[in-house]
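Next up, some structures in structure tokens.
Okay, so subunit A shows up in both of these, paired with subunit B first and subunit C after.
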Partner chain A sequence: MSPRRSYPHRSVRESGQRGVPALIAAPALVAFAFLLLPLAALLVRAPWRGLGRLLSESDVLTALRLSLECATAATIAALVFGVPLAWVLARMRFPGLGLVRALVTLPLVLPPVVGGIALLLALGRNGIVGRHLDEWFGITLPFTTAGVIVAETFVAMPFLIVTVEGALRTADRDIEEAAVTLGASRLTVFRRITLPAIGPSLVAGSILCWARALGEFGATITFAGNLPGTTQTMPLAIYEAFEHDPEAAIALSLVLLLVAVIVLVALRDKWLRGPASL
Partner chain B sequence: MTDPITASLEPVAAPTRVASTLTMTASVQRGTFRLDVDVTVEPGEVLGVIGPNGSGKTTLLRALAGLTPITDGRITLGDQILDSVQPAAFVAPEQRPIGFVFQNYRLFPHLNVRDNVAFAPRCRKAGRKQSRLIADHWLHRLRLADLAERKPAQLSGGQAQRVALARSLAADPGLLLLDEPLAALDARTKLEIRAELRRHLTEFPGATLLVTHDPLEAMVMADRLIVIEDGRIVQHGDPASVARRPATQYVARLVGLNLYRGTLGSYGRIILRDNAGTLVTTRHLPADDPPPGPVLVAIRPTAIAVHTARPDHSSPRNIWAGMVTGLELLTDRVRAQVTGRPSALVDLTPDAVAELDLVEGSEVWLSAKATDLDVYTDPQ
Partner chain C sequence: MQTRIIVLTAVAAAAVAVAAGCSSSKNSPSSPPASPGAGGATSSPAISGTVTVFAAASLKEAFTTLASQFESDHPGSHVKLSFGASSDLAEQINQGAPADVFASASPKNMQQVISAGGASTSTNFVKNVMEVAVPPSNPAHVTSVTDLAKSSVKVALCQPQVPCGAVAAEVFTNAKITVKPVTLEPDVKSTLSKVELNEVDAGMVYVTDVRAAGSKVTGIVIPDNLNASTEYPIAALTKAPHAVGAQAFVDLVLSPAGEAVLSADGFQKP
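Showing the complex of A and B:
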């Protein structure tokens, strides 16, 4: 008798892992090709020879720098305001908490262009809040670089909040309690116990937030417009370039693709492996 | 004090606190559950707290630590009021001079052993260097010096337990709270750590509360014992007398005794509660006897004999019928569960079980000598 006979379950499972059923393999392959093909096309059609010239145009560098700066500023804003909100959502108990959580995550599913219009109605020159900002403080957000940051923060902050909230929720409250019995103040507990515990999620959430802000298009163009040097970020520059200089658009796209790949690698290697990497 | 390391570190971690008495006369109401306790623990004394799950043992420790505020009464440690309802006073948990050793240790996973132990001194505003010295002192005392750089995940259960103890002691507490400190250990490690923990508790100058559900642990480590059931203290005393004369079924089961509640009448006749039959006890010297009234009767499972026919000509004065409803093999004997009036646990040798041909469902007769009944006044 072969030993395999005596372990029927194991042999069945082994054979099940060897071959993927055609019914699953075929659509899986289609999906994979579908996701990869456009990226391949981008690389195939890229004007590699003129790339240096196309990318050294001052407009490109301006747009790239603006994109990086605004995405970073939006991420910082999200950290400063979003992490406390995540803490409240994860740790506080009050009536209507579920509704608050749903509203916070709404921008995740809301079409960004709708977000842009909503921002205009709220913070625009005639918006319900923007009117007073203008009257009382002389602050105007739409069609300014600050407006870009506002639009990106609106769209990207929920990514950070959701990630950090999840981490805070699963973080071990028991060790925080142990820290308290050892004489740690609330601030010390947060700094020395909670923060290290959610560190990986904080980084992952920040990277997700930053990447989302970098690619923001709809809310930005609606709320902040498309003014080169002031509000024209990379996605907007690509869109505009595509209408009169497709090669430049492809070159710009390559830059964002590169950034995306870097982000992905950073996430994969360090922070997206799950709790085992702790 | 020949050890140079110990000698040089001694002044650093010498107890700075004056050991003081803990008194707690308080209630904690949580939803429908209510804990009512009145305890005093002297400096250097270890009070064992035993009771079934959900009886309020952990709530008691949490109230002392300030993690669960009391809803009535007062907790004081020496002159200091830790928690009081009338007049209102509450010392926040991080301000209390306590050390809390949790059941699952709750070590900080991202800090190494030394930083875990140095955590409390750091919180108490000792400098980095001073904190390290204090930590090293306790690591040395608990034989953990070699593990100082390890992360908690790299420790065995026994090591983690010692780190948890070191971390609490490094806080220089006036009151030490231990919540089932050995429950997470395997049997062999438990034996080693128990002896060691006992030594450290003996050296600890302050009051200690040790929650456990292991009667042996309580016997070995506690100076005094309270039994909590359903939020109330149902028995207190030194561990040996609690074990010998349990006041509740819970403790009786823990220490392996049959316990019956009844009323002692004349001629040593005891009418058991819940229509569980009658037992007869001998009359001792008058001083030994409890007065007629509510009593408890404890009978060792080995003191009860099993017969297949009614034993007519034997001397025992307690004879009653029953049916075997369970047989369990213990290490060197068989414990039979016999349902009858009263029901009883009976210990037999495996030979006797075979000889009597006992199986579940066997009809048997039980007998117990009147002198083997321990009859004492029901404290409740």
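Showing the complex of A and C:
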């Protein structure tokens, strides 16, 4: 995740691509086929003929709309709270910084269902904080659409933070310092110089965060439950459909596959063109 | 460069070894029932190896007890239990999951397996009725099943495709009430968990689940004229990797000893 590094020996790298040793080519091919095969199976076994009917059912459209809305809301929440945290991690120096960074990225590696249980114990009606939310404000998060957004933000925000922090760390700080010497306030510098400089990473991080939120399953079903129209997002609808109508589950899966492809296309400048481009 | 190739070869060799290990361990459950003696079924035949049992979530406590009884009856055997929603398990079996025994919480899900050729016949071994589970503090002051119709009461139900969801719907029809749940859980144990965690005011679960939860929930009995039940069929599967073990486990569940364990957990005779 350090896209700004320059590679002076680029030509060497490119010429090295020609003769691939068999020892590398064989497992590489296996890996490629392994990653692609399940997706190909999804396309092969898709009920293409009934697709229109399966996808136009009102439950499906409800789940899709809810998914898109919640993932977008979670991404906005991640931008509002996550970017400032990324700035703190990249620019501030204080004892325990490494620990804070590790804790922030914990949800990246934590199984989402564990996140869901943890959220329930923290923000549930009987949770250590949720108890007071309920007593004082009458707010209960589990089993509400807000609960879905909370679960998705918890799981997806670290993706944004990590991406933005990497960009902030490698961004050219001379311009910022020049602006400060010219009398700009720290907030102005952040708004007028830092933010535009990390723009591409901000977009990439947001897309990544949004995609992760859209696919969220474990934390959502554990913390927010499963009710069509309120908390049943696409992954939950797919899981439920698979139990009684596998064809519908395949059709729904295709929709999320399509979204994933769109996300990849949107990110192609960032990922698919190698590390030299930003 | 030389060393790099050596390292790569080692990695590749290790990967192959791991893959081989995985596949051989997968095959092992099918190989052990080489021991003969299945002909003289009067006394317990020597059974070793792994018997895989797929059972409805509500059978968790009873079948865990029966599994350890089976293992002590047949030294060298091991019972692998997989609990979940009956509809989920039926789908997994039809997709080729290597199960020996299927115990379903509804005849409907067993029928799905039989129609797909996964089992030839099944036997109903118990039935289970519903009860309202509330947290011990009973925050919404639920005193009867009709209270669940109140909009102020947060109710967790099983999904309608899952047996506990279907039976709960029957109870509501009998009681002539409409219940708007806050969540539809994938199986009965996750419905119970939401009650145990005090996240909902009430949940519709089986009598046996309330008993298994002990003091963590309080049960509110549903009158017989409103209550509904589901019958539990069990079958040894036709594609069982361990056919002898499968039949022996089914026999244990249907035996008086099995019946005693099940009725101690609150199950009724079918």
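One rule holds for everything that comes next: the second predicted complex is superposed on the first by the 250 of 278 C-alpha atoms of A that agree within 3 Å, B and C clash if a C-alpha of one lies under 4 Å from a C-alpha of the other, contacts with A are read in each partner's own complex, and residues count from 1 in each chain.
Basically, a residue touches a chain if its C-beta (ideal position, glycine included) is under 8 Å from a C-beta of that chain, and two chains touch if they have at least 3 such contacts.
Predicted, not measured: the structure shown is a model, and the values here were computed from it.
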Exercise for review: Determine, under the contact definition given at the top, whether A:Leu89 touches first (subunit B), second (subunit C), both, or neither.
Suggested key: neither
Exercise for review: Go through the superposed model and pick first if A:Ala167 touches only subunit B, second if only subunit C, both, or neither.
Suggested key: neither
Review point. So, A:Leu119: does it touch subunit B (first), subunit C (second), both, or neither?
Key: neither
Check your understanding: Which holds for A:Ile193: it touches subunit B only (first), subunit C only (second), both, or neither?
Key -> first
Exercise for review: Classify the contacts of A:Ile250 with the two partner chains as first (subunit B alone), second (subunit C alone), both, or neither.
Suggested key: neither
Check your understanding: Which holds for A:Ala178: it touches subunit B only (first), subunit C only (second), both, or neither?
Key -> first
Practice item. In the overlay, work out which of subunit B or subunit C sits against more residues of subunit A. Key: C
**Study point:** Residues of subunit A touching subunit B in the complex
**Key:** 172, 174-175, 177-185, 188, 192-193, 196-197, 278
**Study point:** Interfacial residue positions of subunit A with respect to subunit C in the complex
**Key:** 21, 23-24, 27, 120, 124-126, 142-143, 221, 225-228, 230-232, 239-240, 242-244, 246
Practice item. Enumerate the contact residues on subunit B facing subunit A in the complex. Key: 65, 67, 93-96, 98-100, 102, 104, 106-110, 119-120, 123-124, 167-168, 171
Point to revise | Touch list for subunit C against partner subunit A, complex | key: 5, 8-9, 12, 15, 85, 87-88, 91, 154, 156, 159, 161-162, 181-186, 194, 197-200
